[in-house]
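Next, two complexes with subunit A in common: one pairs it with subunit B, the other with subunit C.
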Partner chain A sequence: MKHIDILIIDDETKFADMLAKRIELRGCSTAVCYDGKSALGWVKENSDRVSLILLDLRLPDLYGTEVLIGIKKINPVIPVVILTGHGTEKDRKECESLGAYRFIHKPLNIDELMVIFEHIRETSAC
Partner chain B sequence: MLKVFLEFLKTLWPEFYKHRKNVHLDSFFTFTNYQYLWFMSIFVLALTALSPIGIATLIYYQLIETSVDSDLNHRTKQLTTAAKSAVTFFMEERLNALTFTVNENGYEQLEDNTRLSEILKNLKLGFGGVTDLSVLDAEGNQVAYAGPFNLEGKNYKNQSWFEQSIKKMNYISEVFTGYRDVPHIIIAVRSAKTDGSFFILRATLDTERLMQTLSSYKTGDYADIFLVNHEGVLQTPAMHYGAIFTPTNLIFPTDSDETEVREITIKGKSIISGHSFISRDLTSTPFVLMVLKEKAGMLKFWQDMSFKFNWIMGAIVIVIIIVITFASTFMVNKLYHADKAKAETMMQMEQSQQLASIGQLAAGVAHEINNPLAVINQTAGYMKDLFTYKDQARNDDELAEYIDSILDAVDRCGTITRQLLGFVRQFDVKIKKVNLQKLIFQVLSFHKKEAEYRRIHVTVSIPEPFPELETDSSKLQQVLVNLINNAFQAVQEGSCLDIIATQTNPDAIELVIHDTGCGIPEENLKKIHEPFFSTKKNGSGTGLGLSITYGLVKKLGGRISVQSTEGVGTSFTIILPIKINEGRTA
Partner chain C sequence: MNDALNYVNTEGLKFFGKVNASISHELKNILAIISETAGFLNDLTELAKQGKELKLSLLENCSTSIVEEIQRGFTTIKQMNRFSHSVDVPVTDIDLVETLDLMAGLSGFLSSAANVSIENKCTESKTIRTCPFLLQNFIYQILCFVYESTGPTGEIRIHLLEEKEKGVLLTLFSSAQMSVEKFPDEKMKKTAGILGIEFKTNHSFYEINLLIPYAVETITQLDPNG
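The block that comes next holds the complex of A and B.
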């Protein structure tokens, strides 16, 4: 099975697809899930071959925090970056306490994401 | 000097008189016309306080006047009765003496002039006031005479007094001048002769003695006692009517022996008049005794008293009005201050509510815009990536430029949505200890390069020791960032920016951020806290900075105010509690 660098979980399909394309242009592999349940299903099957998960807080079926808890249950070491359009300070604290790696706001700066990814890759390589 | 005095007067002038019209603030006032309220307060209080005094005074005057009138009438009656008794006695005494003389001596002795002279002498000694004596026969011939006038041989047959004397046993005449041309009264007694005819003994009384008797009853300058006949002609001189024999308009409605008192008007003067017919039944006389008392004169003492009383009442009324005026001014001023404070609070609440509702709207808008923005951002980003990572459009610089401008616009929209969301998020407070000086230097460090480059002179003045604040650090930081950013944008090269913090009281500090920049025009000063109000050109400002700052300061339990003069500079003053009270924050 192919290794996936970044899993994008976002219900805004156009955004998720476009982001995936851009990441791929930068030489990374991606997978996309559009809701919480399918994302958890995907992670369950592929938890050992994903480097980073990008998770939107607002999903149609589950709360982002629920998905985060689910991911951490499956594999606590996968870094999860929370991506949100309207996250509050309270959300940030909650996510950090649940083990989120970063908390970044939309609109997303892809270069910032790539820096984070590079950092993760370097630290996991060590 | 006058200017100083006028300035001093202005400080005494109540605050509500200096109220400047502010349509927005005025709409929150409970009372709109404080001057009217003040006037009505004084009017109603004065009316309530003074009307009982006025009514009591009127009643008092009425009572005094009635009792003084009654007393005056009573005393006039007493005096009239006493004087009447004296005059009656005067007449009766002389008439009785004459009757005694006639009965004792008889005609034979009386027609002897020598004997008559002796009798006259005795009468003068005993009673006084008798001028002469004469004896007349039934024909009116004077048969004997004793006295100073040479009246022997005179005939009185046709004189009215003689005719009256014949008809009655005795007779007292009015005052008249007669042959001697001197005012006198005649007393005549008729007696029978032995031959069956009659004779008359006549005595002449001078009026001087009578007037002396009357005068002895006169009390004070405003009282007069005199005699008139039944037709009202003066029998003795009178103060108001003049000399003897002057006719008067005095008329007497009743013909009784009782003393009567009434009020009349003479030459515009109000006069208490007492009259009494003199012993009409016992000894018929033509006299009426008159006592006149000038009311004004008799009331002079009381009038003097009431004059003093009026002065005292006037002074009391003035004192009451002054006290009422001061009390009303004080109360209305207090009311005005309370009302103003309430109106200001309500206006601030309205602004807060506006901000809160705008905040809710803003949050909704931001949420809805953020997702399409993210899509645009990524799509434009992807298009740009195609230029960067694929060869097909690598050399189309113009298209790349367009994509950059889309990305710029998205960035700007992103800034707006972040600020709008920040605007909503300001309602959460996280309290921790904050060192204000550190926080200020931290914020200023972002502008260090800019300040050096633009030669902006920044000074921070914070006294030592300065209390640590217990407040929301990030909110305070955002306030400082917003205000310092604004200041840097407002100042020209080489200007000054002063940040001064002072502890104003044990519970609060004051932070002033003063710049010598372009200043804010007066018409904009009221709008600067309104969301989306911006004067920055080309849409470089979102118009949210100061409204967010305003909301943040309120949230921190503080107040923010601004003073600005166009072309001189702007000062933002923030009052903050040293220890934030969560329950009290807006």
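The block that comes next holds the complex of A and C.
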């Protein structure tokens, strides 16, 4: 099974697809899920072959924090970066207490994301 | 201040805030897509500078996407404007189909929103004398209640039929089974009471029936000049 560098979980399909294209142009592999339940299903099947998860807080079926808790139950070591349009300081603290690796805002700076990804890749290789 | 007016003010402010929050979320999503698409165009330009072949179809897809998102933004702003003006006058004549259409659009920004279609079986355009803002609040409450059952993949059909001299019979058909034991809740009952809306007792797991009067006496409580 192919390794996936970054799993994108976002219900805004055009945004998620475009972001996946941009990440792939930078030489990384991606997968995309558009809702919380299918994302949790994907992680359950593939938790040992994904390096980073990018998670939107506002999903149609589950709260982003519920998905974060679910991911951490399946595999507590996968780094999850929260990507949000409207997250507050309270949201950031809550996500960090639930084990989020970083909390970043839309619009996304893709270079910032790639720096985070490289850092994760380097530290996990050690 | 009378009870009805007090209710419209307190609940209305919450409703106004909720809708504004969902509009701002929608606009941010639109801008995020445009931002990523512009970023992708930059990426392609950089690759072209390095001698990589530039596929015209990719450029075409990007420009189409930007145009679509700008159109989506204009539609959202138009809806926001119509919604904002609904508080201009406390009581006025409104077109029911237009109001339903606006609320389907605004509630559609919620992540749980189902697809809503409106089928007007009235012989002519139906004008209702009501409090436009409170009626919007009521329709929004009802749609949100149905979305709880349908989720984003579901369907809601709204059917309008005239009941002579009384008003318009509004039927909402849900593609998913609703929790009728929770319907109508206290807030819905209170809002409906002020607007003179009657809950028909023949609602079921898949259908809600409401009679919206052409005009109602109690609505004058909301109009200081009425």
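Heads up, the rule we're going with is that the second predicted complex is superposed on the first by the 126 of 126 C-alpha atoms of A that agree within 3 Å, B and C clash if a C-alpha of one lies under 4 Å from a C-alpha of the other, contacts with A are read in each partner's own complex, and residues count from 1 in each chain.
The rule we apply is simple: a residue touches a chain if its C-beta (ideal position, glycine included) is under 8 Å from a C-beta of that chain, and two chains touch if they have at least 3 such contacts.
Not measured: the values here are computed from a predicted model.
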Exercise. Determine, under the contact definition given at the top, whether A:Lys2 touches first (subunit B), second (subunit C), both, or neither.
Key: neither
Quiz item: When the two structures are overlaid on chain A, which partner does A:Leu108 contact: first (subunit B), second (subunit C), both, or neither?
Solution: both
Quiz prompt | Which superposed partner A:His86 touches (first subunit B, second subunit C, both, neither) | solution = both
Exercise. Name the contact category of A:Phe15: first (subunit B only), second (subunit C only), both, or neither.
Key: both
Exercise. Tell me which partner A:Pro60 touches in the superposition: subunit B (first), subunit C (second), both or neither.
Key: second
Practice problem: Would you tell me the residues on subunit A in contact with subunit B in one complex that are also in contact with subunit C in the other? | Solution: 12, 14-15, 18-19, 21-22, 25, 85-86, 106-108, 110
Self-check item: Residues of subunit B defined as touching subunit A within the complex
Solution: 363, 366-367, 370-371, 373-375, 377-379, 381-382, 385-386, 388-390, 410-411, 413-414, 417-418, 421, 425, 428, 430, 474
Quiz item: Where on subunit C does subunit A make contact in their complex?
Solution: 21, 24-25, 28-29, 31-33, 35-37, 39-40, 43, 47, 65, 69, 111-112, 151-152
Quiz prompt | Complex contacts: residues of subunit A adjacent to subunit C | solution = 11-12, 14-15, 18-19, 21-22, 25, 35, 58-61, 85-86, 106-108, 110
Exercise. Note which residues of subunit A are touching subunit B in the complex, please.
Key: 12, 14-15, 18-19, 21-22, 25-26, 85-86, 88-90, 105-108, 110
